[in-house]
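What follows is a pair of complexes built around chain A, which joins chain B in one and chain C in the other.
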Partner chain A sequence: MSESLIEESIISRPTYGALKIVPGLAHYFLADASGAECVIRVVQELPRDMMEKVHILYVPTPGETALITSLYALGANRFEHFPTIDDAVAKLGEWLSDAKMGSQLYLAGTEGLVGQGVAKGEACGLDHTAVQCEHRGSLARRVQCVHCKTMIEDVTTQPVKCPSCDLLLLVRDHYSRRLAAFQGGCINAEDPSEEIEIKEVFK
Partner chain B sequence: MTIQFKDETFRGDFTYANSPSNIPRFPFPFPEDEYMYSTNIEPHHAARAGSPFENAFDVDEHYVAEMKDRALVLAEDPGRCQALPHMETAGWDFLELVMVSKARDYPDLFKLTMDGDRWHWINKPLQIDDTFTFGDSSTLPCHPMEYIGRQVQGDHAILDQRDGNLWMDAGIITAQADWSLDFDIGMNFFEWHAPVPLAHELGVFQRALKFLLTLPQGQPSRRLNWTLTVNPRLDTSPENYPKWGPDKLTVTPENIGEKIHLRVELQTFWRLPRSNAILFPIRTYLMAMNEVVTQPKWARRLHRVMRDLRPELVDYKGLSRYHPILVEWLSQFDDGAPTSPGIFPD
Partner chain C sequence: MSASDHLIPVVVSNVVEVNPIIKRFEFKHVNGDELPAFSGGAHIVVEMLDDGTKRKNPYSLMSSPFERDQYAISVRRDDTGRGGSKFMHEQVTPGMQMKISAPVNLFALDLRARKHLMIAGGIGITPFIAQMTQADKLGVPFELHYAARSASQAAYMDSLADRFGDHVSCYCDDQGESVDFETLLSSQPLGTHVYVCGPKGMIERVVETATSLGWPAAHVHFEHFLAPPVGEPFEVHLAKAGIDITVGAEQSLLEAVEASGTPINCMCRGGACGQCETVVVACDGEIMHNDHWLDEEQRAAKQRIMPCVSRFRGKRLELDL
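Now for the complex of A and B:
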């Protein structure tokens, strides 16, 4: 089962299930360190002769090797790891551009990684029913500043200061799948002199 | 009927105002003395000569000034006009609907001549005289949605229909009540309404979507929505919140009549013929409290609606900072007399 701690919220805020292999001509996986064990859990259940249909992309935490070894040992047709989510998602785009009808996409890990995987899948024409997501790890959010449009990664505080325009942003639950980001809007625009305490809330 | 177009601003010195003759035609949004959400949709039939419901796309004295304000917004922030790649046909549908309707309803202002695919469009108020090939975007200076969107009052969203849902896949949005097209583009009906409180639980959006999915061609519908805005500012976008948010602190009991504006959206819904998309015009009308209270029925009713507004709505509509002084100010116009049903002034 998913171990996500996400509370019930507004409708645009995504919710996540647990990865489960469904019939498909190819199975694409994208995970970070918090989602690696989800990939291992479902792939090791597969019969050996299905491994040629499995393609895995991985974003390790810096310096970590044990999970790379475990993922490699699964024996997938392709296994590649990248230092950043951006690089891994770009590679996913390359792989999906050659993908055939009936391909399945599995995403596991932090919300930033899952969201960007979903957006890439959609951009490559994958139907949403062919994409599965499992959330693991931190609740850190990817946030778009609605004022200057800067993307802010790994936001753990409420509010958060935009590194580009310096406004103090309220991180909303309103979420765009296309941008793979939550919306951030100025929290004290009406009275900029208002002091607001910054708290760590997305852990 | 000749309309005298006003030279006025919606920013900076805020010279926008309604002429006395324009006040009674304001689409006052409250048919009763209390307000709660409802799926208040009715057929967009021609109603009441002189009212904003008389024509398909109402043109009033603010037309030219509003189009100038739109051009300013788009020059600063081109992201206010966006269309996903599959929405070009819908853009042409929108262009056709507006040109045909305006040329029919305001023949002294607009003229459309069609020779097969060669169309000749004259917009006298904006001094536009263009010939183009319908369906060929290379014969227009920009996307068809942007071209016509710069010539019609109100914001326009175009909703694609698929998978039993509506998708916000295109729009030209420069006069919005605090929502971002750039953020919401590509969302479905429930997703882009997600931040609205209470209404989901009341089933309002489920009913509205069910209605819209079966909207037939040639039978447009309409509804009114409202909020309040400090100063007659059209561009109350989230992008520019730091520019208009501080206005709320400028409201005092002395200036409330000129500062606070009732902001009404005449929303209409049109099935488009080629794309099967829905055109969703959101036409904003602004009226200062001092202008509203010239109509005694509206003054009484607005006091009662504001006094009894649910706290969640006061908060969602962003009225918290001045709501108490507004209710107090409006109370001087309410003698307790009954009001007649419906939105039109007595």
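Now for the complex of A and C:
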């Protein structure tokens, strides 16, 4: 079912499944434009009387409205959309701070959104088994420069230049769940003059 | 080797009648040494030498995990049992020397929890007394819901309510009071862990209700005070030892193996820890799996048995012992 293009790698590199509703006291969804259809797919199967338990947060791509309309039409108890992942994740934190045991979290979309949703869920006390993720869309990575700790969003190249300390970083598969970021370490530390070709690899 | 091979010599320092069915026993090391450290929820195995019969029963430690000069347990008298609890009630007096195992914890608090929700039924209160002392000191929110048949049988109900105030809610069957598990388990903040110890039916209801509400299994903890069930006597062949033994009607398979002098691992003696898991070499008959360790598939395969609580009926049982 999942249309993720992620290849198997080291254990730390997250893999994702396909969203499936499980028994729960409440169901929280967070998606971006590439994950919206996953939310629609599972929520529209739910009986009417369960919509009371459904809460949806959405990050549209700028200017897009069709998916907002479709998500709104699902009839969830709460539906809100935000221009950025940060805003939506902050809202998720607010909602989860009042949530009760038995709540389930469903995340769908790009890895940056999914990873930050996972981290927020964990920070709010959700067990990892109560969080489901479906990856859709771009393979762009959120990368932490391990040297100056800068977070670099939407990285599509290998290596990538850290915008803050200017080091050329090898984007590793090594992933931090806490930071929701892949680790980037200097690729030419031995010989900084070494020229390395920058290729677009995470599309 | 098992926990009960290294027994600690203790002296019974005090025996208190808590109510007509429950007595508390306090132990000190014979040399006055510090006893091993433990955490709330741990139990010890008490060895009882009763007129030639050696019994070993597990009992939860209820004393404070922060005090190591003595241990306390509370034992409910079970007149239908094989006599372990009866022995404790009738024969054990202050000044007597006994042997106990070091503490083992199969029912520990999950220290990642943001809140501990404890549910006790009857004598199942004992592990929670130590756990509450621990949670209180650690400053983690906790809540105890304690149900008993009647106030007169509810050991420590008043003293716990005095000590922990609002953290404790009590329910007595004879007053028509009962815990509403559905409401209780629907109103807990994220990060709560639930712990239940009490009668089998109560544990099952809590686990089922939590599961159907969507609680992750890792947040649901339980301990059965399982006693080895009695049954028909049966024969067992121990393949490595090359001997045949008979398990008496009121004996557990584990006790019979121990009595034959054959080495076997064990820890909880209550079907929970997994230590006694033994390979079945041959089985022509039916294994009565009474443990909480093996899963459905393993039970059906008849290739494993937990000798501390499980029994056999049939033609031949051969174990890898």
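Methods note: the second predicted complex is superposed on the first by the 203 of 203 C-alpha atoms of A that agree within 3 Å, B and C clash if a C-alpha of one lies under 4 Å from a C-alpha of the other, contacts with A are read in each partner's own complex, and residues count from 1 in each chain.
Basically, a residue touches a chain if its C-beta (ideal position, glycine included) is under 8 Å from a C-beta of that chain, and two chains touch if they have at least 3 such contacts.
Bear in mind that the values here come from a model prediction, so they are computed numbers and not experimental data.
S.K.: Have a look at where A:R172 lands relative to chain B and chain C in the superposition and call it first, second, both or neither.
M.R.: first
S.K.: Let me test your reading of the model: by the given contact rule, A:V54 touches which partner, first (chain B), second (chain C), both or neither?
M.R.: So A:V54 meets neither chain B nor chain C here.
S.K.: First (chain B), second (chain C), both or neither: which does A:V146 touch?
M.R.: After superposing on A, A:V146 lies in contact with chain B but is clear of chain C.
S.K.: Mind working out whether A:A76 is in touch with chain B, chain C, both or neither, as first, second, both or neither?
M.R.: neither
S.K.: Looking at A:V89, would you say it contacts chain B, chain C, both, or neither? Reply first, second, both or neither.
M.R.: neither
S.K.: With both complexes superposed on chain A, which partner does A:C186 reach: first (chain B), second (chain C), both or neither?
M.R.: first
S.K.: What is the contact status of A:C162 with respect to chain B (first) and chain C (second): first, second, both, or neither?
M.R.: Neither partner.
S.K.: Which residues, counting only chain A, touch chain C once they are in their complex?
M.R.: Result: residues 22-25, 96, 99-104, 124-127, 129-130 of chain A touch chain C.
S.K.: For chain B, which residues count as touching chain A in their complex?
M.R.: These residues of chain B touch chain A: 79, 180, 182-187, 190-195, 200, 238-242, 245-246, 248-249, 321.
S.K.: Any idea which chain C residues touch chain A in the complex?
M.R.: My answer: residues 114, 185-192, 194, 210-219.
S.K.: Which positions of chain A touch chain B when the two form their complex?
M.R.: 10-13, 144, 146-147, 149, 167, 172-174, 176-179, 183, 185-186, 189-192
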